[in-house]
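Please go over the structures that come below.
Both complexes below contain subunit A, partnered by subunit B and then by subunit C.
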Partner chain A sequence: METTTTPRRLPRNLILLITLGILVLVASSMMPAGFFSWLWDRLNVFATVFLGIFVEAVPFLLLGTFASGLVEVFLDRDQMSRWVSNRPAAAAVSGAFMGMIFPVCECGVVPLTRRLFKKGLPLSAGISFLLAAPVLNPIVIFSTASAFGWGEMLFWRFAISLGIAVVTGLIFSVENDAGSILRPVLSAHEHDHDHAAPGASFLEKTRKALLITVDEFFDMGRYLILGSMLSAGLQTFIPQSALLAIGSGPILSVLVMLLLAILLSICSTVDSFVALGFVNTFSFGSILSFLVFGPMVDIKSVMMYVQVFKRRAVFYIVAIPFMMSLLTGLIFNYLIR
Partner chain B sequence: MSSRMIRSFQGLLLLGLSIFFASKAASGQLTWYINARFVPLTIFGMVFLAVLAQAVFTEIRRARQHEQEHDPEHDHHHEHDHAPASGSLWVMLIPLAIGILIPARPLDSSAFSTKGFSTSAPLVSSDSSARIFETESEERNILDWLKLFNFEENVTQFNGQSASVIGFVYFDEALETDQFYVSRFVVSCCAADGFAIAMPVLWGEALTLEQDSWVLVKGSIETVILNESRVPMIVAESVQSVPAPDQPYLFP
Partner chain C sequence: MKFRLSLDTAAVSLLLALAALVGFVIFIGEQAGVRVRVDLPEDGVVGPYQTITFTFSEAFDSEMASSLIFLDPVQEGYLEWTDTYTLRFTPVQAYQKGVTYRLLVDAGETASGGREVKQAQTWSFTVREPRVAYLLMQENRNSIWSVNVDGSDPRRLTDETIPIISFDAAQSGDFIIFTSPNENGGVDLWRVSREGGDSSMLLNCGFDRCTTPAVSPDETRIAYSREAAGPTPDIPFGSPRTWVLDLENGQDGPVYADQQILGYNPTWSPDSNKLASFDGLSDTIHLIDFQTGEHFLFASNTGGPVTWSPDSMKFLYTVYAQTESGGRSQVKLADLSINESVTYIGQKDTYDYSYYSIAWSPLAERAVLSLRVNDRQLTQALWVFNPAMLDGILVASDPEYTYNSPQWDPWGDRLIFQQFKLRGQYQPEIGLWQGTATEAVLLTQGIMPQWLP
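Right, the complex of A and B next:
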């Protein structure tokens, strides 16, 4: 098939390319002076913002994929079933607190969750880990406290993140096993039977773990890159002020902050400092919903979810936290303050 | 692509990324992208990428030895099982290409149109206004001044205090012709969350300045009303052009 379509497609692509080139030339000659310096400026902002997100996220992604490699090599299914309960509710709660042991942010948590599922982690535990770990971990507790102090914002952020994660985990427990929500993995280190060979030396196991880290880094990295590009592109061309101008009412303000959380795609370890910048313009409820929802769902994490989970599962992973964060914001805006 | 080619490509990309991080670190440009607080993390990433590259190259060498020792037919099958998807590799070239082809430039006034700028800044709970009070008024940067004005009730107490701040020049239509903004970007995490803060400056020769040029402004503080809020303005005695600082952003 491929050999017959290639000769036909090549000239067509060429024609398309030439047409596009001519169009660009014609269009650029009609552009007002200053257009190119404007475009160049935009391109510079784009490059700086994109590289900012990328440089910031790479170490976290490396840590997450390395944790995944270590889990693959050093943890076997028996140990997993001994540690984590099979009752959905208990599993969901313990999954939510696993972030205290694996301090990962939203980039690293995705490959690690997939690996833990492979090792037999119950569905409810895995989903609540996926959603809660980027917030319920020592690093984020500390950074939230240093931005907002040891007060209400910190307490509610963690309580509500925990609640949403556990509820979503429980909803997922109606499915029987992780296989029904996970996409099949093409890269074949999964079939490799000698990974957990009992006789392998520690050095040998570490070497295997590093190679798994490499494969997963590339696997997840491309979605990180595509997500960062999308986020940087939107930030370069859509004025933030336009977004902020829409929402000041109790409902719209929450929606705007949720949108902003998706758009900015910043790491959960530092998002509280960013949220602090909105304290004067936005209500407590809308900032809280930003802090709860951002670590669970943003452009780059959704990109990674799509790679790991089936479409329907991604829909629920995004939709349930969205609805619950929205509800949280509204409750706080209307009832509490 | 054969399994070995994919592995080699992986190794080269990892090495390339590691070198890219190293060159940014060596040139001091990392803080054009991220908060200085995270630089050690990037250094860790750089080292870890090199370790991973090394692991990949060792694996290639082992596979080759393995191939020489065993039946090639069997090995082909074995390798096929191991082949990672090659499609994911090309995407990794994007950050390298962007980093190399587009000359590095920190955020400047051209980002104002989408990011906007502010003349007020919130106090982070871990820093107390006392700390900013204790510092000599000339030591305060733009962020310190704006935090003080945001936090304090009685801001007129600062009138007449001497100020000395560094920032880049931004002309705004809302200002008079003898005024300009001296501004900085504040970055908590990375350039994505950067937001600009600015203090208005009153200076007779404002028009001689260039947009985005870095200046050291010395003068005294006066409280003015701007967009219905009280803002510190510097009545400049001197505006001196200075080279861009090594760390273009302020970190809260």
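Right, the complex of A and C next:
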């Protein structure tokens, strides 16, 4: 069958290709002088920004998927139910602090959370872990302290992040049916080596954990690439300077910083140093909202959320932290500082 | 019937509540207007050169914001904005003693089309009495101490485990920069606060020797002499060169790219724009203006101190010259506005007065000079004089003592100085001249006195 269909398809594809080529030539002849050099410059910027985001995030995704593999193989549901309380409030709080044990940033936390859900982690704990872990972990504590010192910014960043994560976790605790929140997505390989056989050797378990790591890395990696490309595209064509120019005033400055947090998609381990560059331009409240919201929601993490959660859940995971970060920024700008 | 909350109901309710809160905060915030915070000590007692920082809750237009700020009584100074939220007032001269200042930030717009400061706010402050910092040797180690001008309440500021070589007090009196040897044979720069007990290393100089620190009056930079270590420990240190450490960004480097220019004992001008240092190889005072980049040279062979006029346009220094009557020390006046230096004191001296220590007070019409009062006397006395008239009085002239290193207080009223009794076993002492009093008095034992404003 294949040998008979191929000759029929080729001419059609060729025609499409030739038509596209002609269209590009016609369009390019109509473009103003300098357009192609501008486009080339923009593409260079795009490639640089894309690589910057992607290369920065990949190790953390790998770390997260490896942790996910280890959880899958070495942790069973009974252990999980022993460790995490079933009471929503306690589960949400303990989930928020799980980042101290699993120090992952926003790229690595998504596959790990998915795996923990599979192991029976309550929704409230999982959501608060997902939102808090990129900030409430030792690496980010030290990076924030080295950028801003052991002072107010560090304290408020962690306190507000904890608050948002716990509140969002509690909201999700009202949902009893995890299936209405989570997508039933599992990679094909995962079924083959889902559970390590009881009594399997340590080496065998590690091998399985690594296999899961690889599967999940490629599974989530696609969305990381897509998210990084989207973020790079937006950064290339919406320059930061344009955003910064409109970012004065107590309301706009917070909105601009929230938008920047989404757009820049910087890993939480280094975002403090980027935020430090805004200190003389933006208010304390605006920078705080950037540092709180960025690790919870950005383009690449949203792309990954969509693979784990159903759409309405993703909407709430984005909207609740957004509103709470906005409120935080406004309170600081208007009433505190 | 049991009510069961769904995720949608809970989440949407929360989002609506958050939206309402956002609206409420905006409403309350708009009613309150722009807030202004002023960094002043809680007790309202400030240093004579206290910089006052105003932080606005919103980005401001510098001209509009500064038009809302008033200080009563009026104090000459300059306002600068460090970023779009922060204004800083730095007085040119010390605040008056015994006066209560009233600081007002009036109501009005801080940016065109922006929000307003809705309510005028006032603060008040007075100026504290300066203390005197000095080095005191105990068990073969120098520590930094401070004492009140009446000799009461002496306090050790640095730990006895940290040996001190030299120090310089910031103009605000809030901190002191000092030098201390390290285990590599080098000398590091350290910092300690006015209250003491919190010494911390500011610059690790490794095997190099960083000495004679000088804090710029605006307290943003430290100038110091740096002697590079030899390639091996048995090779001596290199000649001193002037370096500057920027306290705001941590940048540290030599002032002159030319390695042939040596530099020792750097001295800042009162406006913090110019730096003078002595080059012992070419017997020259090098002076650089950081604002214009100009480099001035003045011949001097004494290595003695340089002292600036309050307007930062002139300075006095000493030279040793051969005249028809023989070798004579002289005081030179350099005027940077015309880039010229003239012999100011000692051109026709009948004997060598050995002019050396010199200090121009914050009052332009007062300075002090150490000199020999007659050719039979080896010791130096202190002569307070008017630089315009060249008439003055001896304020410390006991022939048993020699006096040097005079320092004026921030108002040019009082002098502290070093005094040594030449005969017998005596400890170095610090003397005080109170301006109106005719006789200087002993303040305490110690060396290198400096005002801690």
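Worth a mention:
Keep in mind that, in the parts below, the second predicted complex is superposed on the first by the 307 of 337 C-alpha atoms of A that agree within 3 Å, B and C clash if a C-alpha of one lies under 4 Å from a C-alpha of the other, contacts with A are read in each partner's own complex, and residues count from 1 in each chain.
The working rule: a residue touches a chain if its C-beta (ideal position, glycine included) is under 8 Å from a C-beta of that chain, and two chains touch if they have at least 3 such contacts.
As the structure is a computational prediction, the values presented were derived from the model and not from experiment.
After superposition onto subunit A, the modelled positions of subunit B and subunit C overlap sterically.
Of the two partner chains, subunit B is the only one touched by A:Leu62; subunit C is not.
When the shared chain is aligned, subunit C comes close enough to touch A:Val174, but subunit B does not. In the superposition on chain A, A:Asp41 makes contact with subunit B only, while subunit C stays out of contact range.
Of the two partner chains, subunit C is the only one that A:Leu326 touches; subunit B does not reach it.
Looking at the shared chain after the overlay, A:Val279 reaches both subunit B and subunit C.
When both complexes are overlaid on chain A, the residue A:Ser231 reaches subunit B alone and has no touch with subunit C.
Which of subunit B and subunit C touches more residues of subunit A is settled by the count: it is B. Contacts of A:Arg222 after superposition: subunit B is touched, whereas subunit C is not reached. Aligning on the C-alpha atoms of chain A brings subunit B into conflict with subunit C at a single listed stretch, 133-141, out of 133-141, 205-213 or 241-249.
Taken together, the two structures place residues 279-280 of subunit A in contact with subunit B in one case and with subunit C in the other. Of all residues in subunit C, those touching subunit A in their complex are 5-8, 10-11, 14-15, 18-19, 21-22, 25-26, 28-30, 32, 35, 37, 55, 57-59, 82-85, 111, 114-115.
Across the complex, subunit A meets subunit C through its residues 167, 171-172, 174-175, 180-181, 248-251, 279-281, 283, 312-313, 316, 319-320, 323-324, 326-327, 330-331, 333-335, 337. For subunit A in complex with subunit B, the residues that touch the partner chain are 41-45, 47-56, 58-60, 62, 66, 145-149, 186-189, 191-192, 207, 210-211, 213-215, 217-219, 221-222, 225-226, 229, 231-232, 235-241, 244, 264-267, 269-271, 273-274, 276-277, 279-280. Here subunit B touches subunit A in the complex through residues 10, 13-14, 17, 21, 24, 30, 32-35, 38, 41-42, 44-45, 48-49, 51-52, 55-56, 58-59, 80-85, 88-89, 91-92, 94-95, 98-99, 102-107, 110-111, 113-116, 120-122, 124-126, 150, 188-195, 252, going by the rule given at the top.
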